[in-house]
């Protein structure tokens, strides 16, 4: 059946710079914000924007991600006629291989898109934290009668050379794409979010697939080719919170941002819900001697110690006399008594023995603790 | 979470001997019985037997099969905690490959099974037409305190040499497995339906995976190895209709069987429903001059001709003065007026031009017509 | 169309199908071989992109609830939005609202919590297969408060007599609602209304003790409201009596009518069943009929509509009749101009004959 | 356990929570930070493998329907089986049944269509986290007609007074149901019954104009029935008054009780929400309390239970209180021994203090 717009959500990234966090997990599946996984923000954006036809392209360690997305129920994407579809690289009889690039990932799934005969394709990725109404982006694309529209965000001038910069006319028409320019002419960075007219994109994908020297990447190949051919391309300026949580440091920062009240990123908004799975854990239990300040705490937690500037996922025990500061505690972690945890990320299921001290302030970036490296911290003794 | 029994449904078969029918389709996805696909019988068996944890192993042309199974709604297998899961060969970074055999298919998915920590594994395939209560089979397995139980069916002695024959003691204990014996000692044929104690099977799969000269097949490798080691193995005798629709001829025969009243295979049973997708086509419309005898006809059909001993899937037009006999017409077929169709299988979406004659009686096996070879029959003229 | 929410208002449609509505509301009455009357309005809403629909029910709503279930078969089993069947259940002793206003008043929540700013409201007695998209487009373009869906009939039939007729100017603005028996421009009881206008009229109606939202709210305030009309396209059927019910079922046996109701637009959605294909045995003789799946036919059927799972035994003749789900007609029976409700069994050898104007109706679950 | 079907019978549980049951039935009353009373019985059934559950509701069932929705959150949104909320909707003028027999009689279909041959029946006032599996095993082993779930209490509290007590012999056969005020062996109103026995008693009860299935059917026929008992394990709470409601909420703030109700068995299922984790701001001070997700705390909270989405502003103290969904407590408020129903707003600077025996209750959606 025909759909006006199909979204293709790229969720295959390995997220290598996230170290231990993505050792056995695709980046979009990494826990975030006390209850969510990173991809929940993008899927919730789809749901809230009434984009109901979503192909999710997974490849790296897809097991948990596939399970998380499942039939799409939390995002109201469990639909008879469209909804969310997981598109893994197909294994043919003679073997299969990973997608060669972002454009190749879409190219390999042309049959999926064609069945909906769409006017527009929305290309998004599951790596970023932001709340965005894609309907407005698509509306902008239509108004400008654009062939391709790229969502951009203003970045500080001094950081602009770290991004793909779009140089535009006053009416936002794009005339140049500068990948990480040394001397940027502009501070509008591409967010990696594109709307294309499907007919046009389809043609470019077919051509690009035949090029042996192409990286089959949107930023490196498709967009430059389209610009070169003089297609109508416009920028759409997004205003709001947007963060690529690509490193341990930025992952930790994004969490600290979440504790800031005056950022526009809000989990509490009734207008823009962020959806994820909910569990049947009972309400959190706060003990007689607990102290909690400036923190987010999820269901099933049992707090008897001190928690400050931290984010606790579900079913976490914090023992008496333990103190947690500027840390992120993934689900099902047990922190026994007399522990001190500072600027650390404790991974799912870890048990922290009594008296352990983990102080991330002594290191360049926050410490990531799993059930293997926890032994390194056990014997440091108690000094508070 | 723990489940007593996990079913692994092998649905990767190419079904080469079904010719055109499986050219772009896995065998389990082939249309059957006026409304169903072959795999619906096995999935309905699972649902009716309260086997709710089902891994479906697909590989050959899985697209349509995956879509058909979807989230398992028609079979009430859309469940939060278990339900149906589609397990396609996994593509790792360095490429993936097809399962090497039936045992390898299970071996590759040990992690899937382990998450349910089951006592028993039910191994079934999506290739057969039958209605069977797996709960009784599992009950039998438990009663006999068996390590492995194989479902068998009595076949005519003269055909026994075409099957894998199980030689058993009076108490149904298996002491020998004869693959296609020249002089069978018994007429109990394996149906390719197994129950194993998971612990035992897991061990054998691990060992088999390391053998370089193994075919990684249940019948050829695992069962013989178990017998060799003296495990407790029993047969379970199934009584009822069972048919492997492996060839065009047997596919056609199974349909003619469906029109026989006195076979135990019943689509109309309220006790044992066969589930599939239903569509919103309106009731079938039978015209003023229609003649219909001994036939099955589905929704959305519009009959103005003569239909005898045939099975019509949904949304089929039969024009005036056309006659259909001993044929199977797949969905969305339009048969114009003055056609004669006998002993043929018309594939989905074909339009039969006015006056076409297709007479399968002239050939060794029923004719299979698709939109390409229909042109061969167009000019034969009208002779009735 | 995310901007349009749906409401099916059954308050003023009670028991209009005699025996067929002894134990169910009219909206739940079976129609056309596999549907219930409500399926048509509900499908038209869903097929127009409406993703939240409330149903105001009054009594005998149990079979309606059974039929609609979670709403999944209409793609309405949603976590946000979806289907809301709202039976009368209110306990505020200070509530003075009457008639359908009591439903509107006690379900204000439904209107408030939705982001939609327009509501499409309909009953279940008007049967068509048409989008509301065109009407909504006009409604927005003209900035109307209310847009009424109407139909112009060639010949006035008895079932049109109780419907309001509309008068309008050349720009499509409605100038009057009348009961003029010569006027062939019939209101279908379906209309689109701005949510804010609805809420305002609602307060007014309650304040003035009205008991009918459309008559008391829209019709009486026609002077101060901007009301457009638009003609519904395609098949337009009113069912408000056993006679019109029978007639319009039978009319569907004319190929053009069948095509126009079922194949001119998207499919009408209904409850999914698990019935196998219909089985025609050796001795069956079926002509000019509509049959649903699950039927097993040994006898003769002509000019009839058979619902799911009907069994017609050998030597039996069924002519110009409507036979609902799971009826069993034993051997040697003769039925003509008969309506059998669900689960009726006609024992062997009997004859029942009604007339076209007065079909013989058998209420459900009887053995006769 | 496919052989056991469920029934939650609310007919004789009406309005027992004063202000909290003005607009909802008791089964729909919020409890323990994120649940409704009905969640416990329903979860125990589902966690015991029961896959079809009917609920006999009488009035004020709207919020119950809203809460349960399609039943998906209890794994009961099934195509075959599932959840059946059965409000009173019957229209048979010849029906002479009374009390809960009217429900049983008019919903015979529910019992007939299921393949299960035993039914577990319960109300919503007994709160526990226990399987029925053990009871069902005993029921089958003993070939009992009825197996009553009971509990032996250490100290009789006011909430036990209205419950039946049981007397039994050494083999576990029940010999009498009494109201003996000294007897500490209390019936929980939950029992398993053979379906055929249920249907037989049902006919008898109606014939003799009874109005209570258990009292008129089981208790009065105790001589001719084989009735076993089994003690429920773990946490056993009766809630049948505001006082017991308040007391048992507060008791959950003792860690042992919290653990025993929530972590001793499978999790209690409830409606899934989309609330973010609770937010504790700089100035928050929270001790000995239970909080649900979506809360935002700036003030002081001690010895209290806060439901989803409660906001406690700066300089406010909430002590020994129960605050339900989405209440907003503005700055400088002092609450002690208070129950706020949903959507209450307490404006700045006010003080409300009740006592443990008579907590101060505010009905829902008020601003005070």
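We call the chains A, B, C and D, going by the order they appear; numbering starts again at 1 in every chain.
Everything that follows uses one rule, which is that contacts are C-beta pairs under 8 Å (C-beta built on N, C-alpha and C of every residue); 3 or more make two chains touch, one makes a residue touch a chain.
Predicted model, so just to flag it, every value in this text is computed and none were measured.
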Checklist outcome for this item: When B-D and B-C are ranked by contacting C-beta pairs, first place goes to B-C
Item to check | Chain whose average C-alpha position is farthest from chain A's own | outcome: C
Next on the checklist: Taking the mean of the CA coordinates per chain, how far is chain A from chain C in Å?
Outcome noted: 47
Checklist entry - In whole angstrom, what separates the CA-based centres of chain C and chain D? => result 39
Checklist entry - What parts of chain A, by residue number, touch at least two of the other chains? => result 73-74
Checklist entry - Which chain D residues reach two or more other chains? => result 72
Item to check | Residue ranges of chain D touching chain B (in the complex, touch as defined) | outcome: 2, 72, 75, 78-81
Item to check | Touching residues (chain side chain A, partner chain B) in the complex | outcome: 59-60, 62-63, 70-71, 78, 88-91, 93, 95-98, 111
Item to check | Footprint of chain C on chain D - complex, ascending | outcome: 22-23, 59-62, 70-72, 77, 86-87, 89, 91-92
Item to check | chain A residues within the chain C interface of the complex | outcome: 47, 50, 73-74, 76, 79-81
Item to check | chain C residues touching chain B - in the complex, by the definition given at the top | outcome: 32-34, 72, 255, 258, 261-263, 267-270, 272-274, 276-282, 284-294, 296, 305-306
